[in-house]
Structures are given as structure tokens and as C-alpha cells.
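What follows is a single structure, written as C-alpha cells, with notes after it.
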Amino acid sequence: MNASDLTTVLICLPLGAALLIWLLPLSRFATGSLAVLVSLVEVALWIEQAVRFDYGARGLQNAQQTAWIKDLHVSYHVGEYGFSLFLVGLTVVAMAAAVGYGFWVGRDRPRAYFGLMLFLTGATVGVFVAQDLLLFYAFFEAMLIPLYVLIGVWGGPGRIGATLKLLLYTMSGSLVMLAAIVVFGLKYGTFDLIASPTSPSRWLFLGFMLAFLIKAPLFPFHGWLPDSYREAPAEVTAVLSGVIAKAGTYGMLRIAITKFPEPTSFYRTAIMALGAASLVYGSMLAFRQPGFRGVVAYSSMAASGLIALGLFSGTNLGYDGAVLQMVAHGLVSAALFLLAGAVERRTTTGEFAYLGGMARGRPALATLLMVTGVIALAVPGSASFAGEFLILAGSYQRAWWWAVIGASGVVLAAMYMLRLISAVLHEARGSLVRDEAMDLRPGELSLIVPLVGVLLALSFWPAGISSHSFAGDNPTKAVREQFR
Amino acid sequence: MLAITAGGVVVWIVWVAAGFACLASGVAVVSFTNPFFSALALIGNLASLAVLYLLLSAEFVAAAQVLVYAGAVMVMFLFVIAYVGPRREPPWAGGPSWQTLGAVLAAGAIFVEIVVVIGLKAGGRLEKSPDVGSVFGSPGWIGRLFLTDHLLAFEITSIVLLVAAVGGVILGSHTRRAVRGEMG
Amino acid sequence: MIAGAWLCLWAPLAGTVLILLGGTRMPRKVAAWVATTSVFVAFAGALWSFFALHANADHHSHYSALWTWLAAGKFTVPFEIVVDPLSTFMMLIVSGVGGLIVLYSIGYMDGDDEERRYFAYIAFFVFSMLLLVEGGNMLLLLVGWGLVGLSSYLLIGFWHERPSAVAAAKKAFIMNAFGDATFALALFVLIAHSNSLEFATSFATASHLSQSTVDLVALGLLGGAAAKSAQVPLHTWLPDAMEGPTPVSALIHAATMVTAGVYLIARTHPIFEDAPTIALVAAGLGAITLLMAGMIALVQTDIKRVIAYSTMSQIGYMFMAAGVGAFSNGMFHLMTHAFFKALLFMAAGLVIHAVADEQDIRKLRGVGALMPFTKWAFLIGAAALVGIPAFSGFFSKDPILAADLHDHWYGVVFWACGLVGTFLTGLYTFRLYFIVFPGEPSPFVREHYHSHHGREGSWTMLVPVGVLTVLAAVAGWIQFQPFWEPITHWLSPVIPTEPAAEATNWDDAITSVIAPILGIAGIVVAWLIYGARQRLAVPRIAWLQRLLEHKFYFDEAYDLVFYKPAVATATLWRRDFEEPVVLTTGSDLGEGTLELGNATRRMQNGLLRTYVFFLGAGMAVLAVVFLAVR
Amino acid sequence: MIPTPHVDWFAISTILVLLGASFVALLSAVLVPRSWRRPFASSVAALGFAGGIVTSIWLYVDSPDGQRVIASSFYRDRWTALAQIALCAVGLVATLVSVEHIPGPGSLSDPARRDDHIAEFFALLLAATSGMAFLVGAANLMTLFLSLEWFSISLYIMCAIDYDLEGSLEAGLKYLIIGSFGSASLLFGSALVYGATNRIDYAGIAQQVDKLGLSHDVLLVLGLAMIIAGLGFKASAAPFHMWTPDVYEGAPTPVTAFMASATKIAALFLAVRVLNTAFPQERYLWTWAFAGIAVASLAIGNLAALTQRNVKRMLAYSSVAQAGFLLIGLSTGTPLGARGMAFYLLAYSAAAFGSFAVLAARERELGEPVTLDNLAGFGWERPFLGLAMWLFVFSFAGLPVGGGFVGKFYVFSAAYEHGWTWLVIVGVAATLVSLYYYLAIVRAMYMRQSQELRVAPVSGGSPPPERLLNAAVGAALVVSVGTLFAVEPLITLARHAAAALPF
Amino acid sequence: MLGPGVAWYLGIAAFLFATGAFGVLIRRNPLIVLLSLEIMLNGANLALIAFSRHAANGAGQIFALGVMAVAAAEVCVGLGLVVAINRRRLALDVDEFSELRG
């Protein structure tokens, strides 16, 4: 099977497996292990693709196209560029970890649960490889369906409200995008992202951006974020902030910036301002959050702001840094939320008031949380540092104050992340931390260690992503050519 | 032309009488408190309509009107009214007051519109109708039409009646059943 | 030589990884020795590359890259190291002193139940520090810069059950993060103009930049340096950092990391030469710091804090040197300071370790009677610190002052400050000495003193102290301006002393006369006040004392200006914007819609006639509209 | 000798098949013993519908170019055939559901009498379907009116078939009276059009208007308005929709399912034909009229559904809203709009039928109307039905799990192509609002535990085996999901069908 | 033709139609509502026949005959319902049938 088929397989395999799991009356164990197996196969397939990928070449790779709606020129058109390849990688890895976590935790109603997780995997991969606007939209929406149930069924006490918020917020954005897509596609006679020309329409641009701004999310469109991240099951939150949110920033890069050069430059300052605002605002609120998840939630909002800053700086450094940051932060927040889940399972709470002193006698937990935490606060030398550095260097080239604000964000990041670390690990033992609360078990280690391992690997070689995301590592040119 | 033939005068008189009867009986149907009287008024209404049909040289329809309607349908009506027992109900009572007002407005609006339209139209082609031969509207002529141009309509009509009959049987058939608690 | 340098870099990291992987399966002692060996291996590597470089003196900086660490378009940053006199010099100090201190900590940390973690951290620190000094371009320098900050955070907060320790660690990290940020901003400027962070290209670009721009760059670098080296106004973290284990204070907060600021200025001196104003600011900061720290040290009662403040003030000297362009003098003092300050810390550590981790000098009176070796070691260290002739401090400090003297008017000011500083040094150092060591042991000491098998400490602790004692005493003789200056020569290819900072013999002479006299004067005063029979009472100047005890109110100021407002703003945003506005707007809209829905439902009142009415009315309206618009 | 017109039996074969089956079923009411009536009549009905499907497919294949037959009073073309296929399919699944669910739960005191009117019911079902099958092919206002009454009267009776339940009676009465009022207005409108043009056949009307330059003639326009009102009533579009929720709620659920899907198919296919064939000159008027009606339906349907607790009623309102979406396609008056609407109808009717069928199952299980509260845990107790319901409502909501997604996309495209971006915006906003109550159904089924149930299921937890209903739901599910993927072939069908219309 | 023009007949037709509608709108006794519906249909019939006369083609009359049949059918079902209602001892008042609402 050639690499092009692999793209489709990456989408369809989990969907098919989901169907299978729903249909077959398998035992809890069989279901779980099947799901884990499938998600590992996904990872393997992705590696296969990454190995075969020609990072120097221009244009779309591993592409496949079949007509879907001929008379409106809509087609099933998938393919990959460097950056989408990496985002797919992020997806499969994070999803594998999440599925594994669900298996380890032993979620009840396993068939429904794992089916939905696999469905989510397929949909998310689809978002990152879709090359047709309607197809993109379809996957973009399809991601929500399993999320809705996953959070609503396996979530925390406030899950109902959270799911409602999540759905209505994101849908209100993406429905506007649907309108924009319809107009765009009919105006230019095709919905194909490659064939379609660039558009000078600012309204369309805003229509698309709204969806992405809400999904990312950027200030002030983050109303859905705290509830969802707090109520969702840990591994779902991990995916939500690690992968799903990246769909928003990916959309900015692939569609908004690429297809709307003139509006992009017109609204550049405004959107960079939003990015900066999210960065500062998110960091500040993260600093005052009372619980583990709250901190990470707002920190990922800040990260989205940073990524947007990089993307809309419109510079080589900015683009590369943004992609790198997407992947790095994806892994970081996935790992952090899984750790949050581990802590919650041991202490029944994520509130700092009841936590503390968990480092004593729990070396694995302490080490992993510490490592992830310091990577999250972008300590120099880490992958996320590399990303931030590039982004800020890029945005400095746009105007010095962006870099200054960004740098202030770095300091704030140190503040809230250290607060989190010491509130969980250090100082006196929290009232809900019992002695018998165990260190990370092998099961959890086998999920989190790989994530952290990948992060460390990236920290040793961030160029592996930053210089392979765009053809000839010349993002501005690639964007100008619309990745053709 | 000013030449008014005797026939013309007669037609005019008949028309005025029938028209007036028609309107009056129509109003009566709506405004009687006792459905029994309303039904009777409707019969009158149908009869006067039959006259108007005749004036419009639609003999067969007029005949059918009298036979089918006044004959069959109204009899059915009277039977049911007798079966149910006449219950008096003052026409203006019940329902929110705005509703009566709204009713007047809506009905009035429809009426006015139509009349206005016809008025506008009357300025045009309506006042002059072509003369038609005596065969026009005769049973034979109707039958021919039924078997040629409107064959399908004819068939459908019978089906509609059949369906209605089935319905009548189902709904009206008197079966002793314990009345059970409400649902819905 | 390159191989040596790489070996020197990777060995400590290997040690860390080994200990991490070993985890709890690895016995503590093994972990300790793994760390120690790894650092000594690093030292061997350093020596190797030093001699190799010494052998071929023809060209002086060798770069070696392993892979492209970061790349974006044309902008690429290889993972490369530089081997040149400066870096080898630093490598030797870091790995050498580091090795000794790690060895020392084997004894010091013995019995701590998280010993492994400690050794993993400290080995990691040595790696980061070596990365800092070997880093072959600005970005790797910054990476090392950040990593030493991280490891310092980890080690300060090593005893993580102590809230004070955790707080101190956070404080240190955040202040350094600020420094890193300014550092990074400086780099952004360079990237924007040269799209590269190679030393050579960066310096070349800097010379072409507009004055304001290059000033900006230099300022950014200076910010980083000041934060790392605890110079005013970014100094408040250092005293608190004493919460960490004593060897950590010795290694990180005395010998190596805190002096990184000096290294940075020296390394990037071309930029500072292009921005003379900023260079002077650096020197000025140094001067202010050395005075301020010296004065604060006078009133400290915690043995380690006294030494910490003295560290600040000594680094102040180095900054002065670097600021006026006498880089090699600065580096020389960096070296000697590393020796004697580490010595002082470790001696203090011996005391603390022996007396139940007590650090309050008022309780430690007369401990010298029980610990003669420690007493003498400390005395020698103190002498070196004060700059008594023939001790190392004398050879390294005075040339700095001399170099200042030959500069413009502000040079004279710096010189004066330096001399006052010398007096203060003598005063606080020997205040400490006289209070703690001589005389009869206090009851507390008698009660709590416990010897290590009849010795003052395990051999792993005593040997490094001994070695450093010797070094502190004699290491200064390596270079005796103006008679012989091997270090200056060795370093000159990388960091040539600016002509303005070339001291004349006269400068050297006069300084070398006055400085020791002032130092000794300080000692005498200290003896008069704190000596066995106290001839002088401590002068009571209430406001001054309060000022000094509150360390010039810096902490309070920061709390007032930065921390409180930040917290307030965050809370405000959360309480008055996030919760009432952002989080509720959506649901409010929803509520409104639901209300609308209820209204619509009331229309559906179940009355058949209403429905018919709507049908008829709709029809009527439709007809009217049609007739109107037809 | 009267020259009777040539009768193209094949053109009306579907209708005849259905009628034949209807008569057989009716006879079985008297000839077949009670114990056999249900299986007999239902299998007759099933066969009839199957036959209808076959003949109408054949008709589709065999009449690529449309013509009028039987004294030019019936259209034999693919538009008719396509609609007939859909109608027969709906009838078939309706039969499957009705076998187990007529009469509805709680309607009868003694089970012995359950089979009293079953044969008549199937006869009426067949009759109604054949009436619709005729309606979509009607070529003049008279056949239009008559066939409209034909199936309406059947529906009136079917609504009231559970006449032991006041709800059922009420539904029947309301539907009858409002329906008669509506058709009366349609009739008067037809009369006016006839008066204006002297013709009753669509094509003739258009010709006359051209010949006599009657465009915007007062009689014509007024007639058109009244006809639109009548059609809007049948399509249950606001403000002519008021009967819909009550009747849908009161009627036996299988009948509701049938009405919700079949009536819309018939009314809208007819509307497209009559408006484009008879009133092309008035396009400006009726496009705007239907745009307005669509907006009204979207607004009222969605808003009223928001706070419903009774699921059946909620779905009724949702069908009003869906009518709004469908009418967007109609209102453009373009081929794209027509085929988009046709496609959307397929997806919609599948989802609508399926969702009501699932409700029927739950109703029977509970023995009382389904509310959001007593739907709790349903998704876990009946995995298949739960999943199906989930997909149906998400397809309504336009999420990409069903044809509803593509359908919405199509009608929006049509609206934009017609230059009505504002209508696209309205549709999008309506979709967002609708999401709230569609999600509420899923939430009730999956996210509330059945312990929260106020009333425990009457049939002690283990639901009755409903193979036929499951089969019907399965079929609906296949269509609903299939329309998401097999867009191209279906659209091609629709395009060819729409080619028969004079655009 | 003799007598008044078609327009006058149409006037009567309109009046009947409106009267019927009015009856449906205000009356609550289902029987009378049904009668009112009859009147509406008759109004339409009159219009049809008048137009048929005016157009001099028979379509109108045929249509009218069809309508009579339909009217009979509606009445049949309607009366069936009335009977059923009456058998349930429910009040013969359309306003009483507001179980289904909201």
C-alpha cells in the first residue's frame, strides 16, 4: 500500500474500528485492548508515513481525491504537508496515550467509550489532512460529536452545562464558517483548497476566523474553555487541549492566512493583539486558578495566543515557531492533564487547597510532573522554549512590542507553572493526600513516559519540526504559493 | 343597448331573490344558536345556490346540488344532529375576546380583498360573458366531459367518497368500549 | 581538544541520566559516586582541552557542532561548542571546583533520604554550567543560562517540605526568568538584524547597528547578567537562596553560576564596547552592589547569609572590572573568588553540619575551639577574601581597583567605592570570624556538637576543604600585576583588556598599598567590637540598622510594585471580568433565547379557532402583500 | 360514441398498485378472520408498497422525458416517479412500524379488540400513499385539489384511529377542520386562477398568462396567494403550521411518523411543480413569499421547540423548522434549489420517520408520552435505537453524521446562488438554535441515568422484541447515513427528476 | 347573457366564503363549524361555476361537482368524529379540545 492510501487509512481505520467495537459484543478487556492496538497501529502507520515523507518537496503529498458532490465541485481530497504531517503525528500519539489511559482507568461502558475515542481519532486526523473546505468542515464538526458524549457521559458533576457550552460556543463559530464556506466555494466555483484562488473578501475571512478563534480559543472567545476542561475526563481534556484546540490554529494557517492574504494583512494587528491579550490574560488567570486543571486550561489558552501571535506575524520564524509550538504544547498539555488525572485519582481532588507534598515518596510522579512542568514553562533548551523563541523572534520582526509582551508572558508562565508544581508536589502534605496514595503505576508510566520522552527528544532536536514543516523551510514563500 | 326583454326582467328578479336568499341563509347558518336551524338554513342556502347555478346555465350542477347536497348530505347532518341532540350555543360566546375581533378582521379582510379584486377586474373583462349554446351545462355534456377531458378527476372523486365512507364506518361504528384514561 | 570539551560537557549529563534511570534501585552511595566521578571526568576533559589548546597557540577559538539544534528558514542554530582560552578557563574552574564540592557533598548529604535526587540535580547543574560556558553561540549560551537557573531552582528547593525553601526557589527562578527574558529580547534584536546568533556575526552586526539599538542589546544582556549574578536591583533572590544545602550555596551561589554574569559580559564584550554607556552602567551596578551588600552583611546573623552578601559584593568587583573593560582582571578575581568563597561556604558547612544544622551565629559562639581545622581553613579563606597580601584575594582584587583608577572621573569614584568595600569586607568577614570561632564554646555548641568519628567531618568533606584552603592561600601567585600576568595573556586573545583599563604601575602600587590597609583596618575594628574582650560597643544608629536589616527595603518594594499588583490584577480580572462577563455571556444569550421560546409556545394555546385564525390571517396578509407589490 | 382518451396505465401503475392493495386490505376486514387480519393486511400493505416501489422505479427509468397523459391531466415524468419512490418507501417502513404499534399504547381496554380496525388502517395507509402518489403527478388544479383531499381525508381518519384516546380524537378533529379550511382556501384560490386564465391545467395557465399578458393580474395573484396558503398548510410551514404540533402529538406515533415524512414529500414536490409550471411569471412573488415563510418557520419552529419537555411535540416543532430549511430550497426557484430540496427531503424524511419510530418504541415501553425526563437511560437500555435516535437528531442538526448535513449545505448553496446570502445567515442562526434541543434529546438518552426516571418502564425493564420496528429504524438509519456518502448518485437522480420541470 | 354579469355572482361567492370562514372562526359547536365549512365550499363552487360560465368551458362545473363530492366526504368524516366524540360523552365544543397545547 502506498503512502497516499495511508492517509485515508489513518482516517478510516479508527472509524472502522469504532464501528466494529460498537457492533461486536466484546468483553471489557478485549474492547480496550483492541482500541489500544488500533491506536498503536495508527502511530506505526504515521511513522511509516513520516519516514517516507519528502520534506524538501513542494506541494501536497500522500494526496488522494475522489468526487463527493460533483455538481458543486466538492470532493474527498486529503493529503499532507510537513506541518499537517506533524499535527497528525501529534494526534495519533496523544490519542494513543488517551485511549491507553481510558483502558488503564477502566472506564465503564467500554464499548461506547472506546468506540467514541477511536471515532474522535479518525475525525481529528481528517481535520489535519482535509484539502477540501466542506470535507474540512465535516471533520471539524465530526470532532465535536464524540466529544459531546465523552464529556457528557464520563465527565464530572458539572458535565451537562459544560458540554452544552462547548457545543454551542464552537458550533456558533463553525456554523458561521459554514456560511463562509458556502459563499467562498460558490463564488470561486470550487471548494478545493488547492484549486481555489485567494480571496480579498474580509467578511469571508472573519467568518472563517471566528470559528478558529473560538476553537483555539483566543481571548475573549474562551467562555467554553474552563468548564469543559474542568469537567471532562482527564484523558479527554488532554486530547481536547492538546489536539482539538490545535485544529483552530491549524485552520488559521491552512485556510485563513493562506486563502486571504489581503484581509490577513488588514486584520494582522487586531488578531496579533488578540493573541497577545490571550497570552497575558490567560497567564494571569492561570496564576490565580485554585486547581490543577484550571491552571493548565488557561495556560493552554495562553499558548494558543502565542501560536496565533507567531502565525500572524507572517514571518518565517513565526510560522516555523508556531508549528513547533503547536506540537510541543500539544504534547505538554496532554501529559499535564494525564498527570492531573493521576493526581485526582489518588486524592479525589485537583484543588490546591487540599494538595501538596506529593513529591515525598513518589519519585516517578514528582519527576514526571517536574519535567513536564518546566517544559511547559518553556525553560530554555526545551522544545516549547524553542517554539516560543522562534515565535517571539518572528513577532519582533513585525514590531518590537509584540516580543516584549510575549517575553512578559514567559515570566508569567514561570510564575503560574511553579505555583502549580509546588502546590502539588511540595511543602506540607495536603489534607487529601494520604500516605497510601501510590506513586505512578507502571500502566500510567507507560502512557506518560512516552509523551515526555517525545518531548525530550524534541527538546534535543526542535529543528526536526521547525525546519521540516514547510517546503524548503521557507514558510512565507509556501504560504504565498498557497502550498501548491 | 337599451332593449330590455321581458326575460331579462324575470332573470333580474329571480337573481335578486335568489342572491338575497343565499346571503341571508348563509348568515343564518353561522348565527343560529341551534345547529338544527343552522342545518335547515344551509338547505335553504343550497337551494338558492341551485337557482343561481341555473341562471349560470349549469343545469346538471344545479340538479346535483339539490339531490346530492340537500338530499343526501343534509339528511346525514340532520340525523347526526338528532342523534347528538341539539345543544344551544350562542354564536358570540366563548374564546378570548380578541379572537372574535380577529375573526371579524380575518374574514372581513378575505372578503374585502376578493371584492376589491373582482371590482378591479370588473372594470376589465368580467362584465361581458360570451353567449353559450343550450347544450352548455346539460347532463349529457357534463357526462361527455367526465368521460373525456376529466376522466381521471371523475375516478378520483369516487375514490375520495369511498375513503370517506370507510372513515365514517370506522369512526361512527357503534362499538361498546370501556372508556379508558387519557393519553397525550 | 574538541573531544575533551565534548567529554567535559557530556560526562555530567551522563551521570544525571544514569542516576535518574537507576532510580531507587541504585544505592545512594553509588549515586553519589557516579555524580562525583562524572564531574571529575568532566574536569579531566577540561584539562585535556586546556593542554591541547595550550599546545597549539596559533589560533585560539575552535568551534565544533554536532547537529542543527534549531532552524527556521535561513536562521539556523547548530548545537555547537566553542573551545577557546576563555571557555577552557571557565571549564577548569567549573569542573574543578565543582568536582571538589560534589565530593564534599557526599559527606554533607550523607543520610538525606533523597540523596540520589540531590546528586542527579547537582550533576545536571554542572552540565548546564558547562553548556553555558562552552556554548558556541548566543542561543546555546542562553540555553545553558536557563538550565543553570532551572537546576539552581531545583537545588534551592531541594528540601521541598520547607515552605521557605520552596518560596526561595521560586523567587530565584522567576527573577532569573526575567533576566532570561531580557537576554532573549537582546537576541531578538540581533536576529532581526543579522538573522544569526553566531558570536562572530552577532558582534560584527552589533558594530553596524545604531547606537540606540546596540545600547538596547547590551542592556538586554546586562539585564540577564545582573539577574544571574544577583546585582542590584535583581539581587534579592541570592540571600534567600541560602535555603538550599550548603554545598549548593558553595557551588552555585558562590563559585560558578552567580559569576556567569561576568562571563557573559566578558564573552559579549564587543557589544559592550560598542555600548560604552551600558558598560559603565554595569560597572556602576557593580559598585553600588558591592557597597550595599557589604553594609547589609554587617547586620546579618545567619552565617550563610553573611557569606552570600559577601559574594554579592565580590561579584560587584567583577562587574566593575568588566564594566570598565578590565575583563581578564575580572576573570582572575572570578577564579580566586571561586576558591576562597567556596572554601568559606564549605567551612561554614562543616560547622553547620557538626552543630545540628544551626546557622545562627549568635548560637555558634566559640565553635572554633572544637573544630580547629575548620577554624584555620575559615581564617585563611577570610584573609583571602579581605585581600591580605600574599593571599589570593590580594592579587585579584587590587588590579581591578587599579584598572578603575586609570579611567575617567567615574573611574575614581569606582576606585573609592572599591576601597570602601575593602574596609567593609574586612569588617563583616571578621565580625563573622570573631563571633563564631574564637573563645569558649557556648552551651548550645557544647550541647549539640557531635564529631564525625572524632574528626570534624568525613574525609570526603575535609579533603576538598583542605585542597581549597591551599588554593585560597597560594592560587593568587599565578598572576601578580604588573610583574607577571599569565592569565591576562592567556585570555587576551578572546577578551583583551581595553587600553583605558590598562593600569599603570603607579596605579597598582598605590592601590596595593591602600586597599590592604583599609582591609586590615576593617579587621581591627571588627576585633575591637566583636573580639574576645569587646573594647567597642556596636554603634547604635537606629535608622541605619533598620535600613540594613530590611536590606534597603528591596523585597518590600518588589512586593509592593510587582507582586501585589500582579495578584490584584489577576484577581480583579478573574472576579470582575472572567466570571461575570466571559463565562456568563453565552449562557445569558441562551436564557434570552429560551424566554423567546416560551413566548412562542404561549401562542400555541391549543384553541382550534386560534389556529384557524392564524391560517386565515396568514393568507390574508399574503394576499395583501401580493396585491400591493404585484 | 364518446372518444375516451387513451389511458396510459403504466403512468399511474404505482397508484393503481397501491389502490389495489388498499382494496384487498379493506376486503380482508370482512373476509379474513380477526386473528389473521393483522398479518394478512400488513403483508398485503407491505407487498403493495414494495410493488409501488418497483413500478415507480420502473417509471423513473422508463420516462426520461416528461409528458402529460390521460387527457393531459397527469404528469408522467421522473419528478413524479422520484417522489413516488420516496412515498412508497415511507409507506413500507410505516407499515412495518404499524404492525406492532397500531393501535397505540393505552388506547384499548382489552387486547382482544386490538385488531378491530387494523385492516381498515392499512387500507387507509395505502390509500393515503396512493393519493400522495397521485398528487405529485397531478397536472391540473382539479386533480390537485381532489387528490389533496383524497389523502388528507385518509389522514384525518388515521389520526383519529385511536378514538378511545381523547388526544387522538382531538388531533383528528383539529386536523379535519383546519385542513378543510386550508383546502377551501386552496380551492377558492384555484377558482380565482381559473377565472383569470380560463384554464385549470398548469401548463395552460402559464400559456394563457403569456398569451393574454396576465402577469401580475389581480385575480391570478390573489389566487396564487390562497394556493400558497393551502400548500404551506400541507407542508406545515409557519404561520400555517399551528395544527402540526397538536396533531403530531395526538395522532398515533406511526401515523405521525408517516405524516411527518410523507406529507412533506408530497406537498413540497407538488409545490415545486405547480409553482414553476403554472406561475413562472409570478416567480418574483412566490420566491419572496416562500423565503418569508421559510424564515418564519425556522424562527417559530426552533424557538417553540427549545423548551419542550414532550419529545414527540419537540420533534413536531423540529419538523416545522425543517420545513423552513426545505422551503429555502424551494424559494430559490432554481434547478439547484429544486434538486437540493429533493435531496434534503430524502435525508429529512428518513431521519424524521426514524426518530418518530424510535419514540413509538419508547412510548410502548413506558405506556405514556415520552418526555425528556423519562427518556433517561434509553440510550443504554436499547443501544441500537439509542444510537439511531442519536444519529437522526444530529442529522437534523446538520452535523456530519447524516444527509441532513449535505442537505443543509445544498439549500444554503442554492440560496447563495440565488443571491440571498441573508437567507444563508438566517439558516445558520436557526441551525445554531436548533442544536440546543437536539442535543437535549441525546443528553436525555445518554447522560442521565435511568435511576433518575420518574416512572419505571411498565414492561419491567425488558422491552418487547420489536423486530419489525427495528428493521424499519434500521432502514431509515441506512438512508439517513447513506445520504451523507452517496450524495453523487442521489443528486444525479434528483437532477434528472428536476429536469422534467420547466425552469 | 341575461341578468347581471359574472362579477355579481362572484360578489356573492366571496361573501359566502367570508361568512363561512367567519363561522369557522367564531363558532364552537363542531356541527356548526362543519356547516360553515360547507358554506365556504359552496362559495368556492359558485365562483367556479360563474367562471365556468364566463369562460364558456366546462372545467369549472366539473370541478364544482368534484367539490360537492369532497364536501360530502368531509362531512361524512366530520360527522363520524362528532359521533365518536359524543359517544365519549365529551362536550361538543371545540374549545374544550385544548389538551394538546404549548
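Letters A, B, C, D and E name the chains as they come in the text, with residue numbers starting at 1 for each one.
We take it that a residue touches a chain if its C-beta (ideal position, glycine included) is under 8 Å from a C-beta of that chain, and two chains touch if they have at least 3 such contacts.
Remember, predicted model here, so these are calculated numbers, not experimental data.
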item: Joint neighbours of subunit E and subunit C, given as chain labels; value: B, D
item: Core chain by centroid distance, with centroids computed from Cα atoms only; value: A
item: Subunit A-subunit B separation of Cα centroids, rounded to whole Å; value: 71
item: Distance from subunit D to subunit A - Cα centre to Cα centre, in angstrom; value: 43
item: Centroid distance [mean C-alpha coordinates] between subunit D and subunit C, Å; value: 78
item: Centroid distance [mean C-alpha coordinates] between subunit C and subunit A, Å; value: 36
item: Touching two or more other chains - residues of subunit B; value: 95, 99, 102-103, 106-107, 110, 113-114, 117-118, 121, 149-150, 153, 156-157, 160, 163-164, 167, 170-171, 179, 182, 184
item: Sequence positions of subunit E contacting 2 or more other chains; value: 10, 13, 17, 20-21, 24-26, 28, 34, 50, 52, 54, 59, 62-63, 66, 70, 73-74, 77, 80-81, 84, 88, 94-95, 97, 99-102
item: Subunit A, residues touching no fewer than two other chains; value: 164, 168
item: Interchain contacts, given as pairs of chains that touch; value: A-C, A-D, B-C, B-D, B-E, C-D, C-E, D-E
item: Touch list for subunit C against partner subunit A, complex; value: 20, 23-24, 67-77, 117, 139, 142-147, 149-150, 153-154, 157, 160-163, 166, 169-170, 173-174, 177-178, 180-182, 184-185, 187-189, 191-192, 566-567, 569-571, 573-574, 578, 581-583, 585-587, 590
item: In the complex with subunit C, residue positions of subunit D that touch it; value: 173-174, 177-178, 181-182, 185, 216, 218, 221-222, 224-226, 228-229, 232-233, 239-240, 242-243, 245-246, 285, 289, 300, 303-308, 433, 436
item: Contact set on subunit B toward subunit D in their complex; value: 113-114, 117-118, 120-121, 144, 147-153, 156-157, 159-160, 163-164, 166-167, 169-171, 175, 177-184
item: Touching residues on subunit B, where the partner in the complex is subunit E; value: 5, 7-8, 11-12, 14-15, 19, 22-23, 26-27, 29-30, 32, 35, 38-39, 42, 45-46, 49, 52-53, 55-58, 60-61, 64-65, 68-69, 72-73, 76-77, 80-81, 83-84, 87, 89, 91-95, 99-100, 102-104, 106-108, 110-111, 114-115, 118-119, 121-122, 126-132, 136-137, 141-142, 145-146, 149-150, 153-154, 156-158, 160-161, 163-165, 167-168, 170-172, 174, 179, 182, 184
item: Touch list for subunit D against partner subunit B, complex; value: 2-5, 7, 19, 26, 70-71, 73-74, 104-110, 113, 116-117, 120, 123-124, 127, 131, 134, 142-143, 146-147, 149-150, 153-154, 156-157, 160-161, 163-168, 172, 188, 192, 218-219, 222, 249-250, 368-369
